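The structure follows.
Should a chain be cited, it is by its letter among A, B, C and D, assigned in written order, with residues numbered from 1 in that chain.
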Amino acid sequence: MHVVTLCGSLRSGSFNKKALAIAKAIATQHGASSITDGDIGSLPLYNGDIEDQGMPESVTQLATLIATADLVMIASPEYNHSISGVLKNALDWLSRGENPLARKVACIFGVSNGKFATVRGQAHLREVLLALNVLVLPKPEVLIGMGDTAFTPEGAFTDPKTHEFLETLIVTTIAFAEKMRK
Amino acid sequence: MHVVTLCGSLRSGSFNKKALAIAKAIATQHGASSITDGDIGSLPLYNGDIEDQGMPESVTQLATLIATADLVMIASPEYNHSISGVLKNALDWLSRGENPLARKVACIFGVSNGKFATVRGQAHLREVLLALNVLVLPKPEVLIGMGDTAFTPEGAFTDPKTHEFLETLIVTTIAFAEKMRK
Amino acid sequence: MHVVTLCGSLRSGSFNKKALAIAKAIATQHGASSITDGDIGSLPLYNGDIEDQGMPESVTQLATLIATADLVMIASPEYNHSISGVLKNALDWLSRGENPLARKVACIFGVSNGKFATVRGQAHLREVLLALNVLVLPKPEVLIGMGDTAFTPEGAFTDPKTHEFLETLIVTTIAFAEKMRK
Amino acid sequence: MHVVTLCGSLRSGSFNKKALAIAKAIATQHGASSITDGDIGSLPLYNGDIEDQGMPESVTQLATLIATADLVMIASPEYNHSISGVLKNALDWLSRGENPLARKVACIFGVSNGKFATVRGQAHLREVLLALNVLVLPKPEVLIGMGDTAFTPEGAFTDPKTHEFLETLIVTTIAFAEKMRK
């Protein structure tokens, strides 16, 4: 089982990168044989004129990587009641041409700073992934708020229940991806 | 009345740029004294590390421009059931610091290629503008589909009713903006 | 200033009824001259065949009441990531015929049992009110979670900040309604 | 394979009932052994006080029926940018107690009168079904507009492509339901 990750936040200390690090460890424990981080920070802003001159190398590389995935993991912060423009820009590029995300199974989660977590962002992410024909299980919805205090200095979740929720999501989604491959 | 425009599509032949050109002519007819296009194509992808080193000049310029607006006009295509990542990226940058969009009146519309127009994208745009505390009237909802055939070679709308809808939107929103200034 | 209220929950001990009671006291303090509760619990389930035989009396009464309002206050719980079916049913009936809600100013808020409050329900409510051409300010968004502990035995909010948020919403919306009447 | 249907519209000449009739014929052709229509029109408006006195018989019957389903088919009109209050009311009742919809596979579609079909209503339906832990495939999205002219007098779709879309949805969802049962 090959996993590809996408992170909606680019900053080095990103809460969502921390959550992805935990998610990757969990996925490895539960049968992921390899995990590769997709690079969405090198993409240009989407522009049809650029596309007309030939798909940028950074897009092609990302699309090729995703095409190899058995499971896509997407973590996104919530900015302004939606997903980050950075993640949306990557998904917009990927939707051009062959759409490597079509019929892939994805597991999604997110961390934000507020108490309402990524509730609104994740609703938008589900609609965008619907457009891209990505399979996402309804439950559990992993919505992590109060990012400032959500992690220990060692990078674990402060609240063991958060770890459990994420583990349930990953285990359930891996089982679903395996079922869908048959 | 000073108007600032934002266009969610960057390509030169963009349907939304064409619609904005018509909208600008209408606004001028109905009392706009000056109109400036905001540049969202020069912004970097949002990254908190960049922000920590000082807001990019392109962001500051855009924010300063918007701060002068009495009315903001936003046209966006619908990509993957949402607004373009390019526009979302700009709004994410603008939400950092002082949020020049707060309490501004905006008029929104969009053109897409499909028959469902920008129905889903505009719903997302309204949610994002809600987060940014932007005032947007509920009606009319200007949702223009079939972009390929929506414009004449001279850049007018093929269907005069589309022009009327957009005019109603602009006239109503200008009146609303004037009322809100008092 | 005449206020009409709608409550998305019918049970006698409803959190949203409690919040509405506080909201009504606040509105009275800030200039509401009369407040009437709309009755949505007596409406039949919407059925076009019933409508064809003549609008039910309960619908006509509710529509007539709303037509007299200068401000509509809507409190709804969140059920299954949306507003209650009961409230939606009332809004569906009201949208038939003359739509007394058109161009009305509304102030919306909600209480739920969970920690994510009425975030998702309120997003749906805003979209429904958009369809009905109702004017709703973007901020503040009053989203009250943990309904079980949100009220004192005397029916005040446990947290004075919740009271303040609601008061800000009502004061701002009354001022907006007065501006829109001119 | 046992199928249970829910229709968001109660009127006898309902477009969605017509679409369901076609869908049921398609499902029978593709392996459904029995199909039962769920009755949502006999439910009371949801009221926690009623629930406290014991679940109404009409709710228990509907819940029991859904519990037997291998596939749930839901057709809903779009009213006011969302699903019908009637359907939402039924889903609210079903979410109380054991939630017979949990982990069921559903196939959803809808007919409306407008050109934007049930785009917005179906987005809300997906969010509600997400809350209820229902499995819904992303594609195809069957969104049927212009209900007035969508059907022949004999009750077939006027446009054979609409039939094909619906057939693809049903065949794909039946295959998915069979895979999920293993």
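Here, a residue touches a chain if its C-beta (ideal position, glycine included) is under 8 Å from a C-beta of that chain, and two chains touch if they have at least 3 such contacts.
Remember, it's a predicted structure, so these values are computed and weren't measured experimentally.
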Could you tell me which pair, B-D or A-D, is linked by more C-beta pairs in contact? A-D
Per the C-alpha means, the centres of chain C and chain D lie apart by a whole-Å value of 28
Report the inter-chain centroid distance for chain A and chain D in whole angstrom, where each centroid is the mean of the CA atoms. 30
Separation of the C-alpha centres, chain B versus chain D, in whole Å, is 36
Touching two or more other chains - residue numbers and ranges from chain D: 81, 120, 123, 127, 130-132
How are the chains arranged in terms of who touches whom: line, ring, star, complete or other? complete
So, in the complex, the side of chain A touching chain D is made of residues 123, 126-127, 129-139, 141, 179-180, 182
Would you tell me which residues of chain B are touching chain D in their complex? 81, 115-117, 119-120, 123, 143, 145
Please name which positions on chain A make contact with chain B in the complex. 9-14, 41, 43, 45-49, 52, 79-92, 95, 120, 124, 127-128, 130-132
